[in-house]
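These are the structures, in C-alpha cells.
In what follows, chain A forms one complex with chain B and a second complex with chain C.
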Partner chain A sequence: MATMTSGRHGIIRVGRRPGRDRGDVRAQRNSLRRTVFLVPGIALLGLLGVYPLIQLVWMAFHRVTSATINSGPWEWVGLDNFVQGFQLGETGPAITRTLVVVAIVTVFGMVGGFAAAVALRTSGWWSSALLALMVFVWALPPVVNGSVWKFLLSDNGLVNAIVMALGRSTPIPFLYDTNWALLSVAFVGAFAVIPFNALVFRAALLAVDPEIFEAAALDGVNRWGEVRHIMMPSVRPTSLVLLVLTMVYAFRSFDFIFVMTYGGPGTATNTLPFLGFLQAFARFNFGYGAATSVLAVIVVLVLAVIYARSIRKEEA
Partner chain B sequence: MNTKAGPVNIALKVLFTLMYGLPILRIVQTSFTSSADVFNAQSNLFFRPTLQAYVNNLDASLFIALRQSVIIATGTTVLVLLVAVPAAYGLARVRGHVATIGLGLLVVLQTLPQTAQIIPLFQILGMWGLLDTIVGVVLANAALLAPFATLLLRPFFRSVPIALEEAGAIDGAGMFRQFASIALPIARNGILTVSSITFLLAWGEFLYSVRFLLTPANRPLSVLLAMQVSAFGIDWPGLMALAVLTSLPILAVFLLTYRLLRDGLTVGAVK
Partner chain C sequence: MKMSMTKRAARVAALATAGALALAACTPGGDAADDGAATDAATDGGGAEGTVTVWHYFSDPQQVALMDKYAELAEAANPGMTVDNVFVPYDQMNSQLISAAGAGQGPDVVIFNGAETSTIALAGALAPLDDLWGTFADADQFPDSVIHTVDGTMYAVQGYVNLLGLWYNQDILDEIGVQPPTTIDELESAMAAAVAAGHGGITLSGLPNSQGEWQGFPWLSAEGFTYENPSAQALEAGLTRVSNWVEQGWLPQEAVNWDQTVPFQQFAAGGFAFAANGNWQQGTAEADADFTYGVVPLPLGDSGQVYLGGEGAGIGANSANPELAWAYLTSSYLSFEGNLAAADLVGSLPARADAGQHDSVTSNELLKPFAETITMFGAQYPSAAIPAEAVADVQLRMGQAWSAVIGRQHSPADAAHTAMTALEGLLG
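Moving on to the complex of A and B:
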C-alpha cells in the first residue's frame, strides 16, 4: 500500500496511528476524553439515522396504512408483509431487476472509469478540460442529468436521430419497452458514476513512480503492455474498495428511475429499493413497503461489512 | 512517464468528450429553442434562438423555489458541518471499540438506500409535527449526508500530527483549544471540500422534499424539476431552461471549488 500514501489522492489514506508509541496511559485518557466530540453526531444520527432504521424493521412486521401510520398501536402481522411480497410475485422480479442494474452499472462504471483514467492521465489542456467537464456533470443534480437523458432517449431525441441516421427505420423505444427501459436507467446510472471512478483510478495512476514507465519504455514495452503490466496492477488495491462502493451506489440508486420511468413501463424498472418506495407512498401500505425495504437494507449491510472491513484493513 | 497521447488514447478522449459534452450542449441549446422548433432542431444545429422558455419560467413561483433551495442547501450544509467536523476529529483521535463501532455505524448509515429511510422518517417527522416544514427537510438531509461528510473528513484530521497537539498541551492549551486552534486550521481544505460537496448534494436532493413538503410554495427547484419531468406532455424547452437555472448555482460552486473537489473527493467515500 506504500503507493497510496502520497498526499490527498487515493481513496484510502495510510496515516500513522496517533500516539501509539507514546505514553500509553496518557494517550488512553486523551482518547477517552475526546469522545465528547462525537456527541453532536450521536445525537443527530441516533434520532434520525438509527432510530428510523429500527422503526423501519418494526413497521415491516406490522400492518401500517395511511389510516394508522400516525396512530398506534399497529397490528402485529409477523412475516405476512414479506410473504405477501413473494406471493404476489413482486419481490422476486424486483430482486432480478436490481441485480441486472447492479451488474450493468458495475461493469460499465468500473471499465469506463478505468478507461477514462488512462485517457486522462496524459498532460495537456484537453485532459484537464475533459476531467473538469466530467466532474461538473457528476456534480449536477440527478434530476438535471435524468431530465436530459429522458430527452436524449425520447422517440425524437438525439440518440434515436443518430440510430435512424445509421439506417434503422423506427426509433428504439428506450423508455417505453420493458427491457430497454431497465437497460436505459442502468446506463444513465453508469454514466453518472464514471467520473467519480475515473477520479479515483486517476489518483492511483498518478501515484505510480514515473521511473517505472521509463524503465518499461527502455525495455520496449508498448502502450498495451503499459496498461496491462503497470497500470492495472497499480490500481488493483483501489479497485476492490471502489468495486464495493460502485455496487452500493448501483444498488441504492433510485433518482434516475424516479425521473426517467417512475418504475415503469408497468413494473419494468421497479428495483428493490424503488418497489418499497412505491408500495409505501403510491399504495400507502407502509408496512408492506417497509418489508421490501428491509430486504434491500439486508443486501447493503453485506456490502457495508465488506467496505468497513477494507477500511480497517487499509488503516491497520 | 509516457504522457504523449496515442491513437487509442485520443479515441477514448473523443468518446468521453462527446458522452459528457453533448448532454450539456443539448440542455443549453434546447433551453434557447421555441417549443415549436424543438424536434426540428434535434438534428439541426442551426435554429432560431429565443429566450421564450426562460421568460415563461421566470415567475414568482420560481423565485420562491430558488429561495427554498438556498435555505435548504445552506441549512443542511451548516448542520452537517456542525456535526461532522467534531465527529470526524473525534473519530480520528479516539481509539479502540468506540472508533470501531462509530466507523461501522457510519458506513452502514451511508450505504442505506434513501428510499428505505424515507418510510420511517415520514412517520417520525409526522409524529414530531415537522412534515411540510423546512426544518424537517433540513434535519432529514443532514442525517442523510452527515455519515458521508464524516467519513470524508476523518482522514484530513488523521493527517494532523498528534505532536502538534501535544506541543499545544504543553503550552497550556486545553482539549477544545487544541481542536480549534491547531487541528481545525490544518484540516481547512478538507472542511472546504466537504462543505462544497454537501452543498451540491443538498441542492440536488429531491426525494425528501417531494414527500415531506406538501405545500407547493415550500418546494425547492429540484422538486419543480422532478415534477415537470414526470408530467404528461413535457414542454422540453421549458424543462431544459429550468434545468439550466437549477444548475447555475452548481456551476458557481463548482468553479470556486473545482481543485478541492478533484483532489479531495477521492479521499474517503463515494457519492
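Moving on to the complex of A and C:
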C-alpha cells in the first residue's frame, strides 16, 4: 500500500512512478473542479427544491392562513390538518378520484404511446415529422392545450358536432356531468402524454437490430407476431421506467382540471393536487392545503424510489 | 337605439349613486359640480413624479381601455408620473399579492375584487388608507358601502358599483308574447314559453368558485337564505329552484363550466331569452347583440338580495411611494372623470355622488334598472356576518354547492346539508 506525505505542491504519493503521481494529482484537481461546478447546482436544488419541501411539511403541522402566513410564529396543530381533511369528507373522495385518473392516464398513455411508436417505428421523414408534431402538442402549455380541449368538448364543440352528425340526439356532457367530467380530464391527460411515451418507446424500438425483423419475416412471422415477440420484449426495460414516469405525471394532474372544470361540477373533479390548490389558494388555509400536498408528495416520493430502482436495474 | 324603453323609470332621479347613497345612509357632499372634483383630485396629486405600478386582472377590451384611461388621467394630472399597468390573472391575484408581501415586495396600487379585501389585508399586502382618506377633499362624495375596512382599518375603496340584473332579449319576448318579468313566477313562465318556442331560457354562471356564489346568492336569498341567519330549508329551497330550471331545460347544465363572461356571450349570440348578468356587460351587448335587448331588476320577491360588488383599489403595503400611489388613485380611479370613464367604457355605476348625477349617467337607460336594483335589493358584499378570515372559504363552499346542484353532482338537499355543515364551522 502506498504511503503519503505532504509536499510543496500538495499531496504526493510515495513509492509510485512520477507519471502516475502526476496523474493522481490531475485526477484530484479534476475532482475538485467537478465539486466546484456542482456547488451552484446543489445550492439551487437545496434552495428551490429541498427548502420548499421542508417548509411544506412544516406548514402542514401548523395553522397557517392568510392572516398568519406572513407573520409568525405559526400555531402548532399536530396532525389536525391531516385528520380534518378526512373528517370533512374531502380527502378520501379526492384520493379515489386521483386513482381513477392515474389508472386511465397510465393505461391509455402507455398503450397509446406504444401503439404510436409501433406505427411510427420506421425512421423515414414522415414518421419523424409526425413525431415532431406530436411532441409539439405535448410541449404546448397545459393551459393552451386544456383550453382547446374545453372548446372541443363543449356542447357546440367539434367532438359533439361529430357525435350528433352520427345520429345522437343530444350532446354528450363531457365536462359538466359528474362522471363524464372526470373521465374527460383523465382522457385529455392521457392524450397529452402519448407523444412523449411514443417518443421514448420509438427510441427503444429503433435500437432493435433490423436483422431480427428480417429473420422473423423469413420465418413467416406476421405483424402481430413482430409486436408480441420482438417489440414488446425489446421495450420491457424502458416500459418500467416509463410506467413510473407516467404514473407520476398522472398523479400530478392539476393543469387540465384547473382549465377545463375548476374541479366541478361541484367537487366532481377535485383530485388530490387540485384539492390542495383549492385549500391553499382559494380558501387561503395554507396549513390545510400543505397537509393535502404532503400526502401527494409521499405518493410521488414512493414512485420516485421505484423509478430510481428501475433505472439502476436497467443500467446494470 | 337597440335597447328597449319599456322599463323607463318614472323617476329620473332614481340613479345608481342615489341608490347607493340611500343604502349606505351616507351624506352626499354638496352640489354635483361637473368639473370641480377633477380639480380637487389634480390638486391632491399635483407635482408627484415617478412610476406607479398598478396590478389589475382585466382582460376584457373595454376594461383594459378603462385602465389605459386611468393611466392617461393620472399622467395628465401629475406631470412626471408614469403609470405601468400590469395584468395579473384573476385566479392568481391574491396568491401573488400574499407571496409578494411575504417577500417585502408588491405593486404600488392594486385593483382587485373588493370582496376579497380581508384576505389580502390580513396577509399584510395592503397599506392602511385611513390617513390618506382623511386628507382627501372628495371623500364625502363616496358612500360607506364602497369603503372596505378590516378590523376597523380602511384598506380599499371602490370607484364604482357593479351588480346583477336580468337582461332580456326583446325579440324573443315579443315572439312568445310576454313582458319582461317582475316576479319569479313570471320569469319561469317566460322561460318555459321561450324553451317551448325553441330558444334557451336563461344563462348564468355555475362555476364552483366565488363567481358561482356571486351569481347564486340572489336566487338563494329570494327563498330567505342569508348569512346573518342561515337556514338549511331556505338554502335547499333556493337550490331546488335552480335544479328545477336545469331539469326543465331552461338553464343549460353546461353552466357549471361558464364563468360570468361566457353566459353573456351566449345571451348576446341571441339564443337565450334571459341572462342574469352584470352592468359591466354593457359594452359587450352593444358590440355583439344583434337584437333588441333591455334590463330589469332580478325578480327576487321581498327577501331577495343582490350583492353590490366591484373592484376595490388599494395601495400595496410595500409601495416605495404611497403618496405617489395615492396621487394616481385620486386623479384617476377616484376622480370625477375616472368615475365617468368607468360608466362610459364599462357601464359601471359611479360611486361618487357628483358623477352619479351627471347627464351621461342619468340619461343611460341601461343603468337605470341597476340603480333601481340597488335600492330594492342591494346587499353588502361580502356579508358582514362572515368573519374576515372565512370570506374566501365561504365563497368557495357556496359556489361548489351551487355548481353541484346545477351539474347534478348532488341533490339540493345533500348540497344544502354539505354547505350548512361547512358554514357552521366558518360563520362561528
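Simple rule for what comes next: the second predicted complex is superposed on the first by the 275 of 316 C-alpha atoms of A that agree within 3 Å, B and C clash if a C-alpha of one lies under 4 Å from a C-alpha of the other, contacts with A are read in each partner's own complex, and residues count from 1 in each chain.
In the analysis below, a contact is a pair of C-beta atoms (placed from the backbone, for glycine too) under 8 Å apart; a residue touches a chain by one contact, two chains touch by 3 or more.
All of these numbers come straight from a predicted model, not from anything done at the bench.
Novice: With the two complexes overlaid on their shared chain, look at chain A and say whether chain B and chain C clash or fit.
Specialist: clash
Novice: Taking the superposition as given, does A:121 touch the first partner, chain B, the second, chain C, both, or neither?
Specialist: first
Novice: Considering only the touch criterion stated at the top, classify A:264 as touching first (chain B), second (chain C), both, or neither.
Specialist: A:264 contacts chain C only, not chain B.
Novice: What is the contact status of A:304 with respect to chain B (first) and chain C (second): first, second, both, or neither?
Specialist: The answer is first: A:304 touches chain B but not chain C.
Novice: What is the contact status of A:284 with respect to chain B (first) and chain C (second): first, second, both, or neither?
Specialist: second
Novice: Counting touched residues of chain A, say whether chain B or chain C comes out ahead.
Specialist: So, of the two partners, B touches more residues of chain A.
Novice: In the superposed arrangement, which partner chain does A:163 touch: chain B (first), chain C (second), both, or neither?
Specialist: It touches nothing on chain B or chain C.
Novice: A:107 in the overlay: touching chain B, chain C, both, or neither? Say first, second, both or neither.
Specialist: Neither: A:107 stays clear of chain B and chain C.
Novice: In the superposed arrangement, which partner chain does A:70 touch: chain B (first), chain C (second), both, or neither?
Specialist: Both partners, chain B and chain C.
Novice: Report for A:99: first if it touches chain B alone, second if chain C alone, otherwise both or neither.
Specialist: Neither: A:99 stays clear of chain B and chain C.
Novice: In the superposed arrangement, which partner chain does A:240 touch: chain B (first), chain C (second), both, or neither?
Specialist: neither
Novice: After the overlay on chain A, which stretch of chain C ends up in the same space as chain B: 24-32, 96-104 or 348-356?
Specialist: Here chain C runs into chain B along 96-104, and the other listed stretches stay clear.
Novice: Which chain A residues lie in the overlap of the chain B contact set and the chain C contact set?
Specialist: Correct list for chain A: 69-70, 150, 258, 262, 281.
Novice: Mind pulling up the chain A residues that touch chain C in the complex?
Specialist: Chain A reaches chain C through residues 65-67, 69-71, 88, 150, 154-155, 173, 175-178, 181, 258, 260-268, 278, 281-285.
Novice: Under the definition above, what is the set of chain C residues touching chain A in their complex?
Specialist: Touch list, chain C to chain A: 91, 94-95, 98, 101-102, 119-120, 122-124, 206-209, 252-257, 389, 392-393, 396, 400-401, 403-410, 415, 422.
Novice: Note which residues of chain A are touching chain B in the complex, please.
Specialist: 7-13, 15, 18-19, 22, 27-28, 30-41, 44-45, 47-53, 55-56, 59, 64, 69-70, 115-116, 118-124, 126-127, 130-152, 156-158, 161, 165, 191, 193, 195-196, 199-200, 203, 208, 210, 213-214, 217, 223, 226, 245-246, 248-249, 251-252, 254-255, 258-259, 262, 273-274, 276-277, 280-281, 286, 289-290, 293-294, 296-297, 300-301, 303-304, 307-308, 311-312
Novice: Taking the touch rule as given, give the residues of chain B at its contact with chain A in the complex, in rising order.
Specialist: Residue list for chain B touching chain A: 1-6, 8-9, 12-13, 16-17, 19-24, 26-27, 30, 39, 42-43, 79, 82-84, 86-87, 89-96, 98, 100, 102-124, 126-127, 139-140, 142-143, 146-147, 150, 155-156, 158-159, 162, 166, 175, 179, 189, 200, 203-204, 206-207, 211, 222, 225-226, 229-230, 234, 236, 239-240, 243, 246-247, 250-251, 253-254, 258, 261-271.
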